[in-house]
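Paired with subunit B in one complex and with subunit C in the other, subunit A is shared by the two complexes that follow.
Up next is the complex of A and B:
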């Protein structure tokens, strides 16, 4: 219901946005989907993946390579981008999920950096740090408004899927594994297979985000696979709050708009970002979405008290 | 044939021998107590049976089938359910959700990605039934994190019962309960499980409760079986008084 309203609002927003506004909101939706995919692992399954850039980048490169080298139409590359990122997630997940905590996190980081190195050095295939450019989708999807609607559609499908997943037996099983893995396995939940599927789903959704981002930017570079991309998902999630369903998407929007704002005025964006994260972690551990919920709670209580007093 | 047979099981932790050749048979339909002082290896034996870690040597046979080294979730799905000594059910869920998830887990039915948990009516009914058995039906909508220890313990038992298990393992079901709660739990275990024909293997430090509930007792001490017998025999065994009863009886 609340999700439906959000999607409707974004739908109506389209025609009133400027060219620049469309691009910015599209990018926020893409980063939002990417951060939500990260949070499926982080919040529900209790896994801190520092290698999400691998799936984001593979989705982007699958699209870029097929469009530029094989002449595929942009949209036709979507299923391949999804499958490729899911497959890479399956392999990386299979090898890392058995490890515990910090080792899992380090291994996901290592695999992503490995893919980055490959994309960076393999000139003949990926173009190395020249990247793959000129990726404007043919036809109307090359225009900002239709592309915004495609982005919104995929965002809505992805977020709707994650919302359903959270309430499904699978979602509960992930939470059970996070809360108390030994207990979950003792009631018959196969920890490894559940976490692996969660990893693959998160990878596939990250791949969709990469696919869209490459088309939005009209180019794909090795930095799509670089660890700072993985960090963007984590930062968005901390900003927005991992414990609230839409928190990471809220955080992604806040992250982008703040970056635009700060970069327009100063050169100290990394400094501001660091300060902001510090404040969030220390004073608002539940993120912006948590702050919002608190405010809403106070207002509701205040109104009730006011009504009782009057 | 015994429902569960443990044969010559060894388990050591960093050189410390926690189980040193334990053998044990649990007859179908019996209430079998595993007693012994702190550190005797009771919980470790449960962990070996449920597959939490494999034994160094020896085997575990359930319904005539060797299950040694099986992963925990597969053992659970055979109908071998456990309630832990340290009850920490899923803290982020509501009571009803935790038990419903358990039901679906035993059935291997947690790979549904789109239907909400609330649509699995058979599992919800089973959860309600299991909660009623332990007297938690009116707490079904509470958050697990809000429950006092006694209720957590009963919830954890409900999460085992909801499997309709063939063999139920209870690791100190009375630990942390008040006197009244203990009486209630003992009464519940005796009547209900008897009626349903569940086989029970349990550990407990409460001597009175053990003698009241068990029809077979195995005494474990420093990873070895000291003696086994019916309550009458164990009560009069001098060795046991020293190790298990600590001379207080």
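Up next is the complex of A and C:
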């Protein structure tokens, strides 16, 4: 119900936004979807992935290579982008989801950087650091408003899917594994398979986000696969609050707002990202959602005390 | 391609393995004793290189005093970072500890960019090692031998410290049972500060020692931490000897792999890591975990 209202609001927002506004809100939706895909792993499965950029980048490169080298229409590349990022997620996940969560985090970072290095050096295939440019989708999707609606549609589908997943038996199994893997496995949940499936789903959704981002920017560069791109999903999630369903999406919007603000004044954006993450982790581990709940609780207590006093 | 050539390649591999060992052993030690994976470990390696450049003012003559100053500075920085940032979150879930060191990785990379610029910073080989050493008619860069000696000496001192001193026994005990150690009246937080500072100092030493061979850039931090991860995953996380074995394997693999398949050299360490993960996921010298978590 609440989700429906959110989507309706975003639907009505489209025609009143300027070109720049459309681009910014589209980017917020894309980053929101990407961060929510990350949080499927982080919150539901208790897995901290530092390599989400791998799937984001593979989705973007699948689209870009098919459009620019093979002349495919933009939308037709979506299934391939999803499949390619799911496949890469399957391979990385198969190797990374072993033993402990610490291994998982280290290995996701390492494999994602390997893909970055390959994209960076393999000039003949990916164009190296010249990237792939001129990716404006043909037809009306090359215009801002239709593209915004496509982004909104995919965002709504992705978020709806994640909401359904959270309430499904699969979601319960994931949380069980997160809270106590030994017990969850003792009642018959296959830990490795469940975590791997969650990883593949998260990778596929990240691939959709990369597919959209490449078209929005009209270009794809190796930095789509770079580790700071993974940091964007992580920081959006921590900023918004990982424990609330829409927290990562709210965090993504706040993240972009901050980026516009900071980048107008300084080139040292990663420094601010790091500082932001440091402050959130040390003082506000539950993110903006946690700050909001504290404020709400504080106001409610104040009102009650006022009523009791009066 | 004669024997001398292969010996030179062997020495190159071992020299690279030496800096890798200094980098990875601190990561392994910090994880073993404190249970924290330090994603900013490569950043201190990078910081070591930049600090040596700053202390020696880019002059080869300043190498030795510079190296000692780097060690001292890294010990202080390591202790401060542990006190200010790591200590407040010991009791938090491990994800938040990792996120915190990840934040430090972002901050330090940009901080170095701000202080030293984005370009390359390098140092000529110190005068004592400027002439090569001849063996079998092949010139061997004597600085490579110095690196191997430095890492060998560090490994030996570390072994003596961990296995022949009381303090070292406490560090080993901390890897087993922190609460029991506290119950015996040992100041565990202080011990942690020391272990962290020592690990950081080793990484900084590795980064500084590499500077005459390879220029420093702000981007080297994340590459370094990934190399260190590969080394400890192969050798076994938390094991000092595993770090040594992993570093030597990766160093030799790089040195000889580049001869036969230069385009693929970058992928070799990852392939070896994947193989170890499939066959012996806890690493060659690591211990399999008793309970899967």
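Throughout what follows, the second predicted complex is superposed on the first by the 277 of 310 C-alpha atoms of A that agree within 3 Å, B and C clash if a C-alpha of one lies under 4 Å from a C-alpha of the other, contacts with A are read in each partner's own complex, and residues count from 1 in each chain.
Here is the rule we use: a residue touches a chain if its C-beta (ideal position, glycine included) is under 8 Å from a C-beta of that chain, and two chains touch if they have at least 3 such contacts.
Just so you know, these numbers come straight off a predicted model, no measurement behind them.
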{"item": "A:18 touches, of subunit B and subunit C: first, second, both or neither?", "value": "neither"}
{"item": "First (subunit B), second (subunit C), both or neither touched by A:182", "value": "both"}
{"item": "Subunit B versus subunit C as contact partner of A:42, first or second or both or neither", "value": "second"}
{"item": "Subunit B or subunit C, by number of subunit A residues touched", "value": "C"}
{"item": "Partner chain in contact with A:273 - subunit B first, subunit C second, else both or neither", "value": "second"}
{"item": "First, second, both or neither for A:172, with subunit B first and subunit C second", "value": "first"}
{"item": "Residues on subunit A lying within both footprints (that of subunit B and that of subunit C)", "value": "182, 185, 191"}
{"item": "Complex interface listing, subunit B residues touching subunit A", "value": "50, 52, 71-74, 76-77, 81-82, 84, 88-93, 97-98, 100-102, 104-118, 120, 156, 159, 163"}
{"item": "Complex contacts: residues of subunit A adjacent to subunit B", "value": "161, 164-165, 167-173, 175-176, 178-180, 182-191, 194, 197"}
{"item": "Residues of subunit C defined as touching subunit A within the complex", "value": "31, 37, 39, 85, 88-89, 92, 94-96, 98-100, 102-111, 113-114, 222-223, 225-226, 229-230, 233, 237, 266-267, 270, 273-274, 277-278, 281-282, 289, 291-293"}
{"item": "Subunit C partner contacts - residues on subunit A that touch it in the complex", "value": "42, 46, 48, 50, 95, 98-103, 105-107, 109-111, 113-114, 117-118, 121, 181-182, 185, 191, 227-228, 231, 234, 238, 268-271, 273-275, 277-278, 281-282, 285"}
